[in-house]
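Heads up, the next two complexes both have chain A, just with different partners, chain B and then chain C.
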Partner chain A sequence: MRNNRRDKSKGLLSALAMLMLACALLVPTTALALTTNKATARPNEDGGSGVIGGLDTRLTWEGTVEAGEEVSAVTLTLPDDGTFDDSSTKITVLEGLSRASVEGEAVASGSKLEVTFSEPITEGYLLRLEVEGMRFPSEGGDVVVGGTYVNQDGEQQLADSKPIATIANTPLQALVASLDEAAWVQVWNSNPFLGMFFKPQLLVTAFATLVPGWLLCLLIVVIAYPFAIVLGLIFALMKISKNRLLRLIAIVYVNVLRGTPLFLQIYIMFFGLPMMNINIDNNVLGVIVIAINASAYLAEIFRAGIQSIPQGQYEAASSLGMNYFQTMFDIILPQTIRRVIPTVTSDFITSYKDTSLLSSVGVMELMMFAKNLTSVSGNMTPYVAAAIFYLIVTLPLIKAVGYVEERIAHSERGGGPRPKGKTAKTSAAEAGVKLSELAVHAEALDDEHAYAPTLTPSFASEV
Partner chain B sequence: MLGKKLTHTINVDVPPAMEANEAARIAFEHDLPLSRHHFVEGEHPVVRIEHLMKTFDGETQVLRDVNLNVWNGEIVVVLGPSGSGKSTMLRCINLLETPTAGHILIDDEEITGKSSKEVGIIRRDLGMVFQQFNLFPHLTAKENVMIGQTKVLKKSKEEAEAEAIKQLEAVGLGDRADYKPPQLSGGQQQRVAIARAVAMHPKVLLFDEPTSALDPELVRDVLGVMRELALYGDMTMIVVTHEMGFARDVGDRVVFMEGGVVVEQGLPEEVFDHPKHDRTKQFLGSIN
Partner chain C sequence: MSNQITRRGFISAAAASATTIALAACGSAAPGGDAAAEYTLVEEGKLIVASDLDFPPLDSFEDGEAKGFDVDLSKEIGERLGLEVEYLPPTNFDAIIPMIKQGGKADIGNSAFSITEERKAEIDFTEAYLDSNLGIAVKSDSDAKDEEALNDAAKKIAVQSGTTGEAYAKENMSAATIVPLTTVTECMAGLSTGHYDAVCADLPVVGNMCTVSFTDCEVAVEIPTGEQYGIVVSKDNPGLTAAINEALADMEADGTMAELKEKWFGTTD
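Our next item is the complex of A and B:
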């Protein structure tokens, strides 16, 4: 791929123009320095903007020929571990905006690149060397491109370039590079779908790049959730309170938050608060928005949970003389919590996924990283990587919800009568003894208690 | 006979409480079998219900005019067809239902029209055993018996635990102390519920159809515990039940309710074998 970009054209036309210009400006001058204008490298990080050592990249070096000089050769030198081997060099000579063509030959040998020109390049010309396929030292760090050049007075020292920041070639980058080379990867990527959504190199890069975003997502939701639980509980208790005002406040709070998109809530908080000169760190504000939003849903979950506890539990607590708070905190809420764990976990999953909306206001969370990587690489794979990061958390939780639900269903059979069905097995003798009493049971139970167990038909007929 | 006269007086003419107390005194003096309970001269009833009325939703009148006195240590069994208001009356006694009108006095102290805080204090004296047990499913049997003691009576954990073990052993569940309600049978759950109520040492124990939700084979255990409690526990009990055997054997007095009033009351054998009111006869006839 990157190899394909190697441009080996030399440009005969530009060489001809260069020749003409060189003749016109041929004036003997004193020896001055060939000025190094710049030396830059193209990012070779997959989906990133870094320059990685030890991997193919393109070095662009520019220098201006000073007055009175005639440059016939330039040698660029890299630190020892850098290499120009297997590179191809494009030579461009410019005067102002017009382009001259100079015949030149680049010979690479290890960390040296020797470029010789067929014609000496004279004063005022801009010399640009684009070395495709060279590699910086794999240990990374700031790399200075130095070297020598030859003018009419002989070999001169070339001024060092400004340092180019490079990244060490990690095992990850080595893996990406090896994937770049691998045949199966090329076959894989030649499929438009696989190449666009599951490009192996990018998947590897994305996993590494997205980690900070993923951690921020987790951090936001993990910090926000305890607050959401406390807030939700308060509003749940307010909503079932006997006080009308408290009830009204809770209803408005819950309904407004549940009735508007989180996206809107995020916008209002992130753009509204700064307008009121309230400036809160983006990440903290993210926590606040997620906590408030989740609290509204949790309030409803808790309210439903509290109201699902049978009246008998309140009555039993009351009959022991327990007050409202004792009843709530010692009897009702512990049972409620057990019951709502699956729903709350589901809500936690939702909140965790909802942190993705914070990317819309610039919080550097998972989606933001994925979005950046996608816009750099022009490939959807980072989004797939993000999806995997979401699933790493959500799938085990979903599994856990199922398990807890099963456990709860199992243990919920207490607290009231156990399921009936054994009645019919009562022996005839025993049944005879209890017959008169059962008749009364049946009569009483049918009329008075909706919750009462029913007699099995076989037994009822005996009665 | 006087028993008849008393029944008649109490229910038709609705005598003031003093007259009922007088009746008790007379019953005591003349050794009359209104109740097997041994009245003490000058004793006041521990529960005194006067003109109790309860209307649900402003239209369904469940209790029309209930008058009933229960003396300390007496076992009163309340019978009656469904819808007669016996459960509602029981629930009014510990204020799970708020009476629409009338008075309820516990140890001569009015309990109606009190603030919720006072109600909490009143309820400590009134233990309740429910038809559906209503054990706290998240607590073990022992913790169920302890929680009222620690939270309401502010006993220390050790004290409450010792009491809980004692009461669980009394109901034959010493070995189930660390089981949670879902792991217990209905009968065991109800026995824990009884232990929970007794551990509070209430003045009165109220039983609201304690065996109605149980499998027939489990009823006997619960009745056994109640019987022991009644005979040896020195406890005042008001039992709403359909267990005629229990009423006859254990009850000091049987009260028959119908249509929101007490129709007839007296010694169990009197009410069962010689019912005076047609409705009582009809009810007893339907189950014999």
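Our next item is the complex of A and C:
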């Protein structure tokens, strides 16, 4: 089978290409029959990119057989503290991109791994050894993989690989290792549900590694939200304006954004804008999408809030000689804000959760880190950790909304707080606001009185 | 010539004879050897397959239907086991192995899974059914077209989450930011629009995507890894693994496998 392939010119060409690649890539010692292409190690730091010594990882070593040579065995060596014991080796021999049917056997003894082949590997072939479950020296540092090989002339020295950067164990990894050993953890994990969703080792790792993603989520929504509020307010005012064109624009804006999934909006922004040669940083784009999306919802919230203010307020304001802007900004909006705070907070929570959708376009936020860890571990625990990170923010907010809502309901029933006489101003604007609150406000600002409903109007002391 | 071929030859011979005996013995009854009786299925009479269906030409989802080499392979296996093949809607690639491991939703995962030791710790693989390699795709007008140039803190490399391409990028281009996405199509779309500097994924797929859908991109690096695809089966279901292995060996022996490769890759290599 192999001989047939070798006859093909295609095979020769690719072999030649491999050779040239090998020469170009590495080690100057061209006199070698087996050139070392590379040696790399899979990162084994949970959720990180470091190669930690003393912990199981996978070494991938590649070499190319030079012209006119035949290699029948290869021995890889690590520095003394490294070990191949208990490792399993996958041997792949390739001609160009095609697998060749060469089998081999790997025998590990301490820092040496001896690989012998069922038949000699001839020129142009690429030898790829993947040693799973080996360990680098536990103190870390740059590790060079050396060794020997056997060709037709006997045993030869193998060129050293480029150094592989390894690190000593991290405190986090040590904690994970200690959890691995703990008896209760093993019992816990033997339950399929607990092991799949609440694996202690992964919870620890996930909490440590998800933090940057969590901070990015918060950053995105915290920056986006003020913009969303301003935009939302503008569109709310446009929507209730008397100008038809302004109304139309606002209606289209709000309806399109509220009527389409955020996921779609993200896709359009992330893939559409670059096609129009508008290139914006991913994170900034994330802020923009979230701000625009939230603004549409906020516009509706504000509009409803503004329209819920009784007509009498406008009339009272105009009777005091206020113009539109004075009425809006001094009378209507302050009352609106109070009324919409709970809804806006809920919307903030939604926006915060919506940042998770940005992971699909490569923003390195919370879900991205969780997904990353899940894909490496095949375990759902990182998602649970992510859920906890979301809840850290959303639960207190939900609680706050509940509290504010209760206060508002309370005050609308007539038990709410109101300023004390001495702090109250008697400006026209203030008076306007007060007009609406007359019937419902109690006197007490102090906590002891706040929940004592009293229907006594305090008109006299205010005005 | 090699152990592998010999083993495969042996299996196919064994399977062929087993099938013949079974067929002779029970006429039109469900085919299969001894193992056939011992596997469990989510739904009786059905082989439910999970795939991301976004990996052309191996797996794709066109006009509401699963298509591709893997899909034909699943159907062929189903036919040989006397089971109706049903594809779940496209499933996130990185969710398939946990899904098979947990059980209850799908019987097998067939989504161009490269056989790796890490995955073997979670689930069982059938015998390899296809050889593959990795490739790195870049924008055609890019000036960073090799691993060295891409291994840079300013570069972003998109990969499909949970793939060997992701593992390769992390191991060999660790300086770059590795961005794990759900599908290769997302990776390629982002590459094409300039969000990422490269995509590292299975060579047949990036090759296909660069020629069919994203013509402004090209395969810059072919990485010979010699990885092989296998079908994913739960460790609790060794009977099914054995039955599929028989079917695969059968297909190899009677030329069906070569036909499928010819159909989807235009070559039997």
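Criterion: the second predicted complex is superposed on the first by the 245 of 463 C-alpha atoms of A that agree within 3 Å, B and C clash if a C-alpha of one lies under 4 Å from a C-alpha of the other, contacts with A are read in each partner's own complex, and residues count from 1 in each chain.
To be clear about the criterion, a contact is a pair of C-beta atoms (placed from the backbone, for glycine too) under 8 Å apart; a residue touches a chain by one contact, two chains touch by 3 or more.
Source: prediction; values computed, not measured.
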Touching A:196 in the superposition: chain B (first), chain C (second), both, neither? second
Could you tell me if A:360 is touching chain B, chain C, both of them or neither one (first, second, both, neither)? second
With the two structures laid over each other on chain A, which partner does A:152 touch: chain B (first), chain C (second), both, or neither? neither
Which holds for A:283: it touches chain B only (first), chain C only (second), both, or neither? neither
Touching partner for A:320 - first (chain B), second (chain C), both, neither: first
State whether A:312 touches chain B only (first), chain C only (second), both chains, or neither. first
In the superposed arrangement, which partner chain does A:335 touch: chain B (first), chain C (second), both, or neither? first
Could you pull out which residues of chain A sit against chain B in one structure and against chain C in the other? none
If you look only at chain B, which of its residues touch chain A in the complex? 81-83, 87, 94, 96, 116-117, 120-121, 123-124, 126-128, 130-138, 147-148, 151-152, 180-186, 189, 193, 196-197, 200, 209, 212-217, 219, 242-245, 286-288
Contact set on chain A toward chain B in their complex: 310, 312-313, 315-324, 326, 330-331, 334-335, 338, 411-418, 420, 422-423, 426, 430-431, 434, 436-441, 443-449, 451-453
Using the touch definition from the top, list the residues of chain A that touch chain C in their complex. 1-2, 18, 38, 40-43, 49, 58, 60, 88, 90, 92-94, 96-99, 101-103, 118, 126, 128, 130, 132-133, 192, 196, 270-271, 274-275, 279, 282, 360-362, 364, 368, 371-372, 374-376, 378-380
Over in the complex, which chain C residues touch chain A? Could you list them? 1-5, 94, 97-98, 101-102, 117-119, 122, 131, 133, 156, 158, 161-162, 166-167, 170-172, 174, 177, 179-182, 186, 189-190, 193-196, 203, 222, 224-226, 228, 269
